[in-house]
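Take a look at the following structure, please.
Going by the order they are written in, the chains are A, B and C; count residues from 1 in each one.
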Amino acid sequence: MSDLKVSIPRPPLTSFTLPLTAVLGAMFGFVAGNVYGQPWIGALGGAVVGAVMAFVAHFMSDRRTVTRWGTIAVLAITGLLAGGLGAAFSGVIIGAVMSWFAYWLDSGAYRKNVPIYYTAGQTLWYNSFLFICGLVFFFLIAPLLPVMWLSFNAEDFFTFTPEMLNFQAEGYSLKHYRNFLGTEEWMTPLKNSLIIAPFATFISVSLGTLAAIGLSQSHVPGRQAIMAILISPMIVPLIISATGMFFFYAPLGNWLEANLNLDQRLVGYMKVILAHAALGVPFVIITVTATLVGFDRSLTRAAANMGADPITTFFRVQMPLILPGVISGGLFAFITSFDEVVVVLFVGSAQQQTLPWQMFTGLREQISPTILAAATILVTVSILLLAAVELLRRRSERLRGLSPG
Amino acid sequence: MKLTTTLMASTALVVAAGSAFADDHAKMADSMTVVSWGGAYQKSQQNAYTIPYAEKHDGLEVIWDESSAEAVAKLRAMDEAGSVTWDVVDVVAADALRLCDEGLAIEIDPEKDLAAAPDGTSAEEDFGELLVGDCFIPQIVYSTTFGYRTDMVPEGADAPSQICDVFDLEKYPGKRALEKRPINNVEWALLCDGVAKEDVYDVLATEEGQQQALDKLATIKDEVIWWSAGADTPQLLADGEVFMGSTYNGRLFAAIEEQKQPIGMMWDAQVFDLDGWIIPANLPEDRLKRAMDFVKFATDTQRLADQAKYISYGPARASSAPLVGQHAELGIDMAPHMPTDPNNAANTFLYNYEFWADYRDDIDAKFQAWLAQ
Amino acid sequence: MADTTQSGPMLAADGSPLKRSLSRTLRRQKLRALLLIAPLLIFVLVTFIIPIVSMLFRSVENQIVSHTLPQTVEALQEWDPNSGEPPDEAVYQALFFDMFKAAEAKRHTQVGNRLNYEQPGLSSMFRGTGRSLDDMGEEFEDALVDIDPSFKTSEFWFELLSGEGADSFLKDRRAKLAAMAGESMRGDIGFAPSAKALELLPATTEAYTDFAIWTAIVEEDVVAEERPWEAVYAGLGVDLRSAEVVQQIASYDGPGAAALKAAVANIDQLPQESFRDMFAESDEDWLDTEGWRTMALYSPDYTTGYFLNSVDLQKTIEGVEARPETQQIYIKLFIRTLYMSLIITGACILLGYPVAWILANLPLRTANVLMILVLLPFWTSLLVRTSAWKVLLQQQGVINEILVWLGFVDDANRLIIMNNATGTIIAMTHILLPFMILPLYSVMKTIPPTYLRAAKSLGATNWTAFWRVYFPQSVPGIGAGSILVFILSIGYYITPEIVGGTDGVFISNRIAYHISSSLNWGLAAALGTILLLVVLALYWCYDRIVGIDNVKLGG
């Protein structure tokens, strides 16, 4: 790739970098000025700051780090003097964004990812598109931030106390984490969830993938009807499914206990696992069939032609190609079980209380940030897991000598 | 050690003699599923009831299920499916009445099944008129009342102290939190629309009366946030999201005394209601015996008084009231925080179970349609 | 394969005709496909479809009235609901005996609750009267025992009514009781009604037979040793009101003749009050025709009542009519549910498409890191995310606080973005967005980027290349994602309940309410069935219109 890289020319200062940075500065200035009821003065000031920033970036392009930190510090101190801690924080953000923007424009990095023949309009569109995507990612992630913050609340409410906002130590505490990690009340449900969800996922993914492959064959009689039946667990309103399934699983459980002499606890888990597996099936079916639509069937024929038996073909040719679909179906199935509260409320008994069940009663009966602590821990664990998976993938790629994709 | 040996020996003797008492005990199930509401309330029950009970009965496993909110639906489903897994269920009186009507709870004979007071007063007399329905064993008295943010009281105005202050938007502007169901709200609306306390249910039984109540509620509808879970109002008050809101007195107590929130509490026209036990119908013999034995223990005079150490709900027995002590952690006297305290109960409103059993569905349909307008 | 110069059918390699060989392969393929599908199909059918269908079937079931009050329902057929008069004595008499049994099984209150959904007040009427049934019967008992103490003994009744020749009668009573109590009434009861007694004292024998079956099978006691129900005494009282019976007793000489004759001799000591008056005494609403009209209307085994209710109609004697405006809600909720689900789906497509595109087109390294951002909220409990939105959206919430601080919103006029439809849409879009992004991503991943480049190198503009080449290939992803999001959002009720306030709640909230609070499962099932039909219709339309996988797979 590197040999294809074309050095990007630096854009002109006065007709490009300066006005654009000034506009951005004016926008920030408008917002900041608005706090004091003087948006236009703020905008003017912001534009000036932006212009200065563009100059600095242009003429000190080799001392990027120092300049950027300098800008952040200056704006933070200005903020602190003008409006306290909150304003200082805003100053840090504005400084970081503005200095980054100025260097980004000035060094021509904004064209780094677009083909050299792109017009200005196309480049603008490409970068705006990235910006929009960034906003969507922000929308996805932002609601989790207050959750994490509030989980350190010293009080038993979902409320930002003045102490918290002023970063005073007495506003914070780890008691909700202690409550989550240290009590049976939360550890047992966590354990139950971790038992139930993987089993349910395994059942729905294995049966679901097979069925999806079956469905993708040509000439399946009654395909429509079968498809409708298989995705029905998703269609039926959960509350109806919950009661309906209860009437099936309760006698089934009795029968299992009486005739096969199974332990009551085991039967309880089996009931919830089977119920959750049924709920997870449609997700697997939908995602895997969607992947199979784009699947080139001549590949299986080619494999068969070369003497592979159907099982080998499946595992060596078909499976790797539809794997993304299977994995995302499995994720859906897992999360359906891991996050399911309505059905387990009916089908499960107290011994199978899952984490969402505990959260649900917690939210209803006694709001406590323990729920938020639980969520924070789960998020952290999943970040670590996902990051570990990604690192392993990169490592194996490196070992196999593949170029990073 | 010696004592236990003696005890065991004597038990063995008694068993050998075929005593009815020992026989009874031998037949009791050694695990028991107790259904309750979770949270602080369930903790108070654990402290006052199940922990002392389990100490007396070695090897007893108590399983808690926090499903009281769905108790009626779940019990009905269990009954239809023929596998009742619960042994003792904590429900509000209205639900108990419903379960009784549906034949899902067993009938209780207070004389036989409940303990008499220490002074010999019969259980029937001790509980008095709180024994509503045939299946319900009262445990606590709670009331639904209003709390308000003390720091949001308009300047120059007194803190709200009367129920009709809820409907007075001029004097007390700001949002209110009301429960998302007609029960209690329509009664308060009528009380503040000039209907005398004793006529409220007669008026509510008529179409016009129901409309009158909804019309009164409509005057504050824009300022209402409707809650549906018990934890909502304290949270809304703590956030300052509402100025005043209805909730259970125990939750307000917790927010004020335990959480130190700037919240005040109104004791006016608060609706008196009961919470207690029922025992599901069609239990196997051994589990039924265990459940009956536990309930008899858990609703005796001392146990009911003990519960008030942990939560500010009044014991349902008259004989328990003098025994109510101090809060187990805060060390404050609990008696003045009880809904049964004479000062608090000066102007209470008694929930009419029969009326709501009849009109609940009808008025709720109208209420929901009104909400959606 | 086949030699073209050769005449006759084309042959496959193994020498069999190609046509047959092909059709055999086809059959084998079909079979293999079905075998692949079978395990899951059976699993879903057994563990899901059958339970759900039986649950939905409750939307038309209504046997409770006719099973619990069989004789009353029969007697009520004679009554003209438009007469304006309460039914005649025969109906009240039948009601007494039906209700007495029902009260033994604690079923009378269930009927009361069932009818109370249609007519408020019936619940307490049935409950209250259930308590006074014993008193009504005791009046007869006391009078009879005063006349002749042998009426008090259990043997007297057992001997009086035992005999043979009434097997089909016994069978009929067993069936009726079984239907009423919902459990089997088979087994030996140690009693056989006598045909003679049945002829002489029909009401008494009926009541005693019911008592005998109940005592032997449900209470597991010995019939001959138990004192009969008060209803049996009432039965005798009823029989003795007939002049014919009085006449026949004069010539009767079987067991218990003396006591019966004594009763006839002192017939004026027996209560003369009609059952109608007794019921009216217990609750005067029994004379009101409204309750009876409801009972007559809901006596058939199956009813359309629940379905009518769920579309804001009601059943009356005159026919189907609209509910009063103050009670109309369901149509509105159905429309709102569909409308808001559409908005949520649209919002998810708008937000999800660019993100999925970016993920599918960025280098794998970056894409995987960004994927974590998509998966993170997805890993966070729905309940937690909903609460998070509450913290963000409420009037004292984070968004409002920031806007007020920045001076864009006046402190007194904070934005109301929660407890209404906006709140539901924002929170649910956030919650369901991953359900759009992930299927879109997995489809876009399979679209080779070379297609786009090819289109461009052939002179297409960016837009044309995207719209004519890329977009059509991503439609299966949009379809899968939209169906997922739309259907999921239709069934959601926890999030709307928490952030929806009054105008952001869905029909599922009402279904949940009827399942878990009002216990009106029939209505819940009817609402659920309608919702299900709507979704199935939409699914069908989707398959017809988009039907992409359909076309490609040639199924």
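Everything below uses one rule, namely that contacts are C-beta pairs under 8 Å (C-beta built on N, C-alpha and C of every residue); 3 or more make two chains touch, one makes a residue touch a chain.
These numbers come from a predicted model, not from an experiment.
J.: Quick check for the class: compute each chain's Cα centroid; which one is farthest from the centroid of subunit B?
T.: Centre of mass proxy via C-alpha means gives A as farthest from subunit B.
J.: Looking at chain pairs A-C and B-C, which one is connected by more C-beta pairs in contact?
T.: A-C
J.: Provide the C-alpha centroid distance between subunit A and subunit B, rounded to the nearest whole angstrom.
T.: 42
J.: If you average the CA atoms of subunit A and of subunit C, how far apart do the two points sit, in angstrom?
T.: 38
J.: Measuring from the mean C-alpha position of subunit B to the mean C-alpha position of subunit C, what distance in angstrom results?
T.: One centre to the other, that is 29 Å.
J.: Return the residues of subunit A touching two or more other chains; collapse runs of consecutive numbers into ranges.
T.: Correct list: 158, 243, 247, 363.
J.: Find every residue in subunit C that makes contact with two or more other chains and list them.
T.: Touching at least two other chains: 515-516.
J.: Using the touch rule from the top of the page, what residues of subunit B touch 2 or more other chains?
T.: Correct list: 69-70, 73, 239.
J.: Give every residue of subunit B touching subunit A within the complex, in rising order.
T.: Where subunit B meets subunit A, its residues are 33, 37-42, 63-67, 69-70, 73-74, 77-78, 80-83, 85, 229-232, 234-235, 238-239, 259, 261.
J.: Sort out for me which residues of subunit A touch subunit C in the complex.
T.: 31, 34-37, 39, 86, 122, 129-130, 132-133, 136-137, 139-144, 146-147, 150, 158, 160, 207-208, 210-211, 213-221, 223-224, 226, 228-241, 243-245, 247-249, 274-275, 277-278, 281, 283, 286-287, 289-291, 293-295, 324-325, 328, 331-332, 335, 339, 341-342, 355-356, 359-360, 363, 371-372, 374-375, 378-379, 382-383, 386-387, 390, 393-394, 404-405
J.: Can you name the residues of subunit C that touch subunit B in the complex?
T.: 105-107, 109-110, 112-113, 116-117, 120-124, 127, 326-329, 332-333, 394-397, 419, 497, 501-503, 510, 515-520
J.: Any idea which subunit B residues touch subunit C in the complex?
T.: Counting only subunit B, the residues touching subunit C are 69-70, 72-73, 76, 98, 100-103, 175, 180, 205, 211, 225-226, 228, 239-241, 354, 357-366, 368-372.
J.: Mind pulling up the subunit C residues that touch subunit A in the complex?
T.: Touching subunit A from subunit C are residues 26, 29-30, 32-37, 39-41, 43-45, 47-52, 54-56, 351-352, 354-355, 358, 363-365, 368-385, 387-392, 398, 405-408, 430, 433-435, 438-439, 441-443, 445-447, 462, 473, 476-477, 479-480, 483-484, 487-488, 490-491, 493-494, 508, 511-512, 515-516, 521, 524-525, 528, 531-532, 535-536, 539, 543, 548-549, 552-555.
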